[in-house]
Amino acid sequence: METHILLIDCTDEKGLISKISTTIFHHGLNILIMKEYVEEETNHFFMRMELSGELQIERLEGALKNMLPNDAIISINPKRKKDIVLLVTKEYHCLSDLLIRHNFEEINATIKAVIGNHEFLRTLVEKFGLPYHFITHENKTKEQFEDELYSQVAYYQPDYLVLAKFMRILSPDFVGKFENKIINIHHSFLPAFVGANPYKQAYERGVKLIGATAHIVNNHLDEGPIITQQVIQVDHSQTIKKLVLAGHEVEKNVLAEACKMVFEDRVFVSRNKTIVFS
Amino acid sequence: METHILLIDCTDEKGLISKISTTIFHHGLNILIMKEYVEEETNHFFMRMELSGELQIERLEGALKNMLPNDAIISINPKRKKDIVLLVTKEYHCLSDLLIRHNFEEINATIKAVIGNHEFLRTLVEKFGLPYHFITHENKTKEQFEDELYSQVAYYQPDYLVLAKFMRILSPDFVGKFENKIINIHHSFLPAFVGANPYKQAYERGVKLIGATAHIVNNHLDEGPIITQQVIQVDHSQTIKKLVLAGHEVEKNVLAEACKMVFEDRVFVSRNKTIVFS
Amino acid sequence: METHILLIDCTDEKGLISKISTTIFHHGLNILIMKEYVEEETNHFFMRMELSGELQIERLEGALKNMLPNDAIISINPKRKKDIVLLVTKEYHCLSDLLIRHNFEEINATIKAVIGNHEFLRTLVEKFGLPYHFITHENKTKEQFEDELYSQVAYYQPDYLVLAKFMRILSPDFVGKFENKIINIHHSFLPAFVGANPYKQAYERGVKLIGATAHIVNNHLDEGPIITQQVIQVDHSQTIKKLVLAGHEVEKNVLAEACKMVFEDRVFVSRNKTIVFS
Amino acid sequence: METHILLIDCTDEKGLISKISTTIFHHGLNILIMKEYVEEETNHFFMRMELSGELQIERLEGALKNMLPNDAIISINPKRKKDIVLLVTKEYHCLSDLLIRHNFEEINATIKAVIGNHEFLRTLVEKFGLPYHFITHENKTKEQFEDELYSQVAYYQPDYLVLAKFMRILSPDFVGKFENKIINIHHSFLPAFVGANPYKQAYERGVKLIGATAHIVNNHLDEGPIITQQVIQVDHSQTIKKLVLAGHEVEKNVLAEACKMVFEDRVFVSRNKTIVFS
């Protein structure tokens, strides 16, 4: 029997859980796991359920729509793998980590292709039998570059784009085509050290922790809603090069964790924040 | 408007969430937070809700009892402070931490008294205006000692006993009088280094992490259901004395965290495990 | 036999360790622990030794001065407790933690007095038999306030000042009188969320980690050289109030750790960084 | 100019650092980094130095031998990559991690070959252009199996053997041929949950942390000297399968860290403990 994920996001009101769970019950379904959260400032209700039983998506969706507030966003999906495309530049650590996890089916996703703005990572990607597309940004306007990128990505119709250390800043126009569908790893414990060379900044500031932040890319605010963050302890004796390596350890763990959360439909975006039902 | 905590623990069956939440709704109550868990091996359902609204405890309890499986344990409490008694010996670190948190109302509990089998900690306790009772174990049978202890504890009718580094092992008889009501801090990352002198053992074994475990004391199994555990990094250069100090840091944090969870009604016991709705 | 701490800070050159350790040997002393670090960018040498044996401070200092580079800063101290004065406002968590550690001789320091710009923490401090001085900042110019503060501090001739959540910004003039002698706890993982209300900022940004930073206060740069930093995991469900409490846990641990390091002569300051021989 | 690592392990006596550093100086060498530790219970001295300058290994070794206690073990090596052989069974996570780090020269070692007692991991290894040898243990005595294993390993003359989730217990005889040269990853926070199925044990015990331990394999004591340990937080809702996956994250990080330490000559073994100069 297939498992389905039901996601609901709407204005909060009294009796919501009762209405929803009773509808589920009347459709003969069983609630395996249920998590909910009410954001008080916005009076907003978020819910994630895993359901088992014979489920007719449209019928259930219709029933829920009838009883929920008008602004309700309802999503019912079989617990299936997401299709994803990775964007990379030259750094291998996040890409390798995702390739290995994908190869052994540890993440709930199918990597359709990897696109790089350098040739450097082609060999690695092809070891794993995946298509690698090289699209250089050189001698092109940003618009030309992003048009090519978009065509290639669109060909695969992915559910999500993962920027696995992709070192080009994407225009609002490009980002707007994938609303809340782009995951990025930021080489710093946000909101610290925004900008180039965060490890050099960290070294010069003598920090005792190095961090990384995985977030959703959007156009509304600085770096987009944070999905997860981690840090690692460092000390005065570590050179910039060693800080970079320490940072890589955190970056790949953080990105993997964020991908896991997103690809299992555990992440809601609310303004500039995420609600993560881990 | 008062907030109440509703706890339910029963055999799982289809439709439970629907039944419960609908009953809540019909009683005019609002669900502020709801967490549930189904333990598959035992087919058991655990739920914790925070409810707001005008609540008549007996009426709601009756309504729930009527519809839930026969084995249901239902508890409805106003979100009030627990009464607790602390048992100590000579070590000050866990006691101090709880006294400070209590003094500034950081934990959801009222310390009614501290009982020690040494006089050493009286001064500290009395600084905070709390009664300290000295009950020595010397020149007494275990039974005599525990009888005295029980009388003194019983006088205060506490909801929970906290063993804040109490270094006497309590008999099954004593423990049986406070089922799932005794919280202990174990000076080790259980199940490691059971027995005396865990830090000496840790030193000789050259471990690179020192841990501590807070657990419920019961008679059924070795150390009882684990509530929370933490570790701290150590290295070869730390002497036993320094390992002990490092251990103290963990012990007091772990015990405080466990107390927080228990006193906010977030902990269920299922056989030798806990379910913690943090 | 007393233990002494030898600290050396000078331009690096070949043979330094040989020269120093041979001098130590010729003075009949034994090196218990030795840590050194060369900062490459500045070609600077830092060393901390613990020495046992009968030591004549001036004789050893003279001998070392003769052979070390001209810019050498040499400090030889018996391993004695530092005298400290604490500055506080209204928050109790860092102060309580230090009072308890002091009471049970866990930190290598003697608290001579606590000075607060509110009366709120007097009761707590006096429980521990320590003098509490109330110096309000109200109806005074900053200069007047700091003059009074300085007089009171100077009376105790402390080795270090600890700002245990002292919520007034000290002027460069005041700070200049205690060069590298003031330890502060910053309510954030620096360099993030500088400014007022960091927890509100953190909440609104939806961060998944909350941090704190202990640092030396100086006048040269933003927040001064970082001694130590820690973080704690948080999630979307935590209100600002809960973030503050989570932050308190980190703040007191971080400040205690920094005090430990500084009071055991383990911290060198080099421009805006620290070298910590932990 | 090449860098050399000097390791010294001998009975402690007054003046050792002076003697050693003066010899280094007289040979015209520069001490880049120096770490030392005296184990008090055994009165033993351990030291690691990184030296730059033109170094004649035998000449320096002779000079040091002349002045150090008779039991001194002196090792002087150019900072070169170690040759290693990996032993595996079916689990991919530690192997993959090491293959990636090796491929991008993150670890100070050359993987000469991987030997497995199943064919399962051949494809992965060969993707990276490395030899994979399949040596089954089936239908063989332990002695026969280990003889074949030994022949194959010996062919490569590795500096170290890494058991990257190799699920056969090696005999004292085999281990004896590689004294302190075998690194293993243990699927538990030692000394906890020794034996088969540690994750099942952990699940049934309801632990709140899952750990892993990397250690040197020897014949003297239970699991051998611990190099490094880490833990990860888990909760009641994680099934055994999810605990296993959480454990994998820790295992690969811990093994990578241990390999880093060992391959950079940072690990001394003293009885059943390690001294790690990180």
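We call the chains A, B, C and D, going by the order they appear; numbering starts again at 1 in every chain.
The criterion applied here is as follows: a residue touches a chain if its C-beta (ideal position, glycine included) is under 8 Å from a C-beta of that chain, and two chains touch if they have at least 3 such contacts.
Keep in mind that what you see is a predicted model, and the values were worked out from it rather than measured.
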{"item": "Rotation, 0 to 180 degrees and nearest 5, that superposes chain A on copy chain B via CA atoms", "value": "180"}
{"item": "Fraction-based call for chain D against chain A, same above half, different below", "value": "same"}
{"item": "Whole-Å gap separating chain C and chain D, where each centre is the average of the chain's CA atoms", "value": "37"}
{"item": "Length of the line joining the C-alpha centres of chain B and chain D, rounded to whole Å", "value": "41"}
{"item": "Of all residues in chain C, the ones touching two or more other chains", "value": "33, 237"}
{"item": "Residue ranges of chain A touching chain C (in the complex, touch as defined)", "value": "37, 39-40, 189-193, 204-209, 211, 225-231, 235-237, 239, 272-276, 278"}
{"item": "Residues of chain A that touch chain B when the two form their complex", "value": "14-15, 17-18, 21-22, 24-25, 30-36, 38"}
{"item": "List of chain C residues in touch with chain B within their complex", "value": "33, 92-93, 96-97, 100, 103-104, 106, 124, 127-128, 237, 245, 249, 253"}
